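The structure appears below as structure tokens.
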Amino acid sequence: MNVYPLEVNRLTVAYQKKPVLRSVSFHIPEGQLIGMLGPNGAGKSTLLKAVLGLLPTLDGEVRIYGKSYREQRKLIGYVPQRESVDWDFPTNALDVVMMGRYGQLGWFRRPGVKERQIALECLAKVGMAEYAGRQISQLSGGQQQRIFLARALAQNAHVYFMDEPFAGVDATTEKAIIALLHELKEQGKTVLVVHHDLSTVREYFDHVLLLNGELIAAGPTEETFTPENLHKTYGGKIAMLADFGAVPAGKV
Amino acid sequence: MADFWIILTGTLVAATCGILGCFLVLRKMAMVGDAISHSVLPGIAIAFLVSSSRDSLLMLIGAAVLGLITVFLIQALQQSGLQSDASIGIVFTALFAVGVILISRNASHIDLDLDCVLFGEIAYVQWDTWIWNGYDMGPVAVWMLGGTLLIVLAAILLFYKQFKLCAFDPALAAAIGIPVALFHYLLMGLVSLSTVASFESVGAILVVGMLIIPASAAYLLTDRLSVMIGYSVLIGAISAAGGYYAAKWLDASIAGSMVTVAGGLFLLAFLFSPKHGLIARFGRKQRKRDELYSAAA
Amino acid sequence: MLSTLWQWITDPNLQWILMGSLLLGLGSGVIGSFTYLRKQSLLGDALAHAALPGICIAFMLSGVKSVGLFMLGAILAGMAATFGISAITRYTRIKQDAALGIVLSVFFGIGIVLLTQIQHSGNGNQSGLDKYLFGQAASMMLADVYLMGAVSVLLIAICALLFKELKLVSFDPGFARGMGLQVAFLEQLLLMMTVVAVVVGIQAVGVVLVAALLITPAVAARYWTDALGVMVVLAGVFGALSGVTGTLISSTLSNLPTGPVTVLAATALFFVSAVFAPNRGWLAKWIRRWRSRNEIQQPMELAMIKQAGNTVERGAE
């Protein structure tokens, strides 16, 4: 039996009376970049949060490398949405990245020289080394996103979950993020990304999950990212479906 | 000598509240702190009724319990869909009302002067001393506050990174496995303890001032959490000392003066903080405007 | 017991006082509905604490115990407080909740200082200022009642006349502005009415608890309906009921200030509404859940996470 980085079976999540996710089942292959797509309100963020145990589920189970997420926390890296945090908090970029190490430190140990070193390296990997001492409210949206990524890197995980990392970032940051994702892939890590921009899917992701309250399709991008599946996912909400076959491969 | 004890008491209050206040302000829970400082009242009254004495330990316990109940009720209302501000308002006013009724109706059994509970009377603190084995150990309030400060310091130092992460990014904290709820209740429990330990000096109603004002002023002065806590304690201590002397001079309420001085210090920070003050802001705006003009010229 | 009750209700003095409490509860409930919608529930608490220095200064300047002057002082202080709160939120990174807390405690602290000064000076005892802490509706004079009644009626009238404008401004100010409504003016008007409601309420229930008069009846009403008009009327009714109950009970039993009893009456109404209201009440929801086993509530963690993004929102402009 294969052990996947993430395996989800019959996951059902409801909020108040409305079911948000209905019996979602899939697994993701190791060492690939996976994009999760769907219209607004499709439940993408909800799925991510449910997988991480941040939301209660009505039914179903989640397995990270065959075990429950609780046992595997140290193998997971999480990049939440930027809005989930108060950027006026009195702290600097380096400090935020060091927070990624808290999981490894246990209850009572304080972050020390080693953690600082790791954090600096991670900042360098996202091109933010010289901003280490900068107060986070003074950073641009793209820089903040990169800090979040550096923090996830510091978690040194095997599988990463990212919630809309490309939302509202500038072109440079977008390039930096995708370069980072490729580097992670080369290291054999798995990355699941909640994504919103259909025009970049073919270029960025090896594998896609199409979601709209339930799983519409899952599989390698080539086979799964088709006009029929997209139509099923988005209903009539996309114009120019035909053009998606025509998006040039080398676009940035 | 009286001066010393009073200022010491005030400083201990400032330190305890100053540390906790930073986390309240950063977590946008300032008004929950306000709520707790009011709603511990029934806890104090019940402790008094049960023990028929001003047993400080029992009052601390009663307050801690009420503080946790308050937070629990607020959470419960919020979870059922009610807005946070309304949840806070309903819970603390109801509990405070219960407290006032308990005290008013049992005035014969409760030797608690309502005014004293609400406003404190720090000037009398020095007279209520702790006699142990025949030795006069100093004012009870100092011991109670000192003990509370030690507990607060221990908790914050021990779990600094947890409190920090829970305040900054509770989503990540939960994902990493930190029990966010536990630390939330721990923080609120400490706030409850501090409220009751402080009520003898500044009274229940003004504790909120010592919780929020120095921390907010410190927030305007620095971009590092540890420094912010330090400034908060310092500003609180200056407010305590300054307030006391101002009260002596004006023959006015000591607690009120302390909070007023704190407010004055906040105003100074608001105007003159080099990073976040009003004047610095306008200066920056002016300079940007000048740069723009000179570039265009 | 019934005969005593009857004696009372026919006592003209008590009649006036009951009328005053009724109108007060009515006005507060109505205004409270709007502040609740604008998520400014705790603003009432801040304004109440801020009123104290205003009242004291009014007394110190005039030397006279005049409710009208006190109210004027309180209103001016309330306006200063609103200005302070918006200055703090607009010009610093301090958020709404802390701004409320700062203004609330500083103003109140100053008020206490002034209060003690007054008490130490000669005519302190005549000031009747300590009544403002817990309220003493039963000791209101007829003239006070007239004033309170008139003010409450005025507030209700304004809300009735401008109902649809106030509704739109509370719900979607951007849209309202686009439509050409004078949003700034209407928001200031609402703010002003809140200040007045608070100031009038302080007389009946005191500084600390007047926030409850604004919040609790409105929240209780919310459970019964989704229509704003109905909610506002219900809130007024609940407020009036609380006021009357509080005054009646506290004048019967000794050693019972009006404020807390009124607040508990309002809280009881809230509790009953929250549990038993059809559709939105807990009992109704629980029955539905038991029938369909399809419902879920937010866990502590998510509430905590949401809290991080939650502020005591929507500033005083």
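Going by the order they are written in, the chains are A, B and C; count residues from 1 in each one.
The working rule: a residue touches a chain if its C-beta (ideal position, glycine included) is under 8 Å from a C-beta of that chain, and two chains touch if they have at least 3 such contacts.
Remember, predicted model here, so these are calculated numbers, not experimental data.
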Please indicate the chain closest to the centre of the assembly, with centres calculated from CA atoms only.
B
Looking at CA centres, what chain is most distant from chain B?
A
Averaged-CA centre spacing for the pair chain C and chain B, given as whole angstrom:
25
Cα-centroid distance, chain A relative to chain B, in whole angstrom:
39
So how far apart, in whole Å, are chain A and chain C when each is placed at the average of its C-alpha atoms?
46
Where chain B touches two or more other chains at once, by residue number
28, 167, 169, 171, 174, 219
Check each residue of chain A and list the ones that touch at least two other chains.
16, 54, 84-86
Multi-partner residues of chain C (each touching 2 or more other chains):
93, 95, 298, 301, 305, 308
Complex contact set, residues of chain C against chain B
36, 39-42, 44-45, 88, 91-95, 97-98, 100-102, 104-106, 108-117, 120, 133-134, 208-209, 211-212, 215-216, 219, 255-257, 259-261, 263-264, 267, 270, 274, 282, 297-298, 300-301, 303-305, 307-308, 310-313
Show which residues of chain B lie in contact with chain A when the two form their complex.
26, 28, 81, 158-162, 164-165, 167-169, 171-178, 219, 222-225, 227-228
Where on chain B does chain C make contact in their complex?
25, 27-31, 33-34, 38, 75, 78-80, 82-86, 88-90, 93-94, 96-98, 100-101, 104-105, 107, 118-119, 166-167, 169-171, 174, 180-181, 184, 205-206, 208-209, 211-213, 215-216, 219-220, 247, 250-253, 255-260, 262-263, 266, 270, 276, 278, 281
Which bits of chain A are touching chain B when the two form their complex?
16, 52-54, 70, 73, 76, 78, 80, 84-86, 89-92, 96, 99, 102-103, 105, 107-108, 110-111, 135, 151, 155
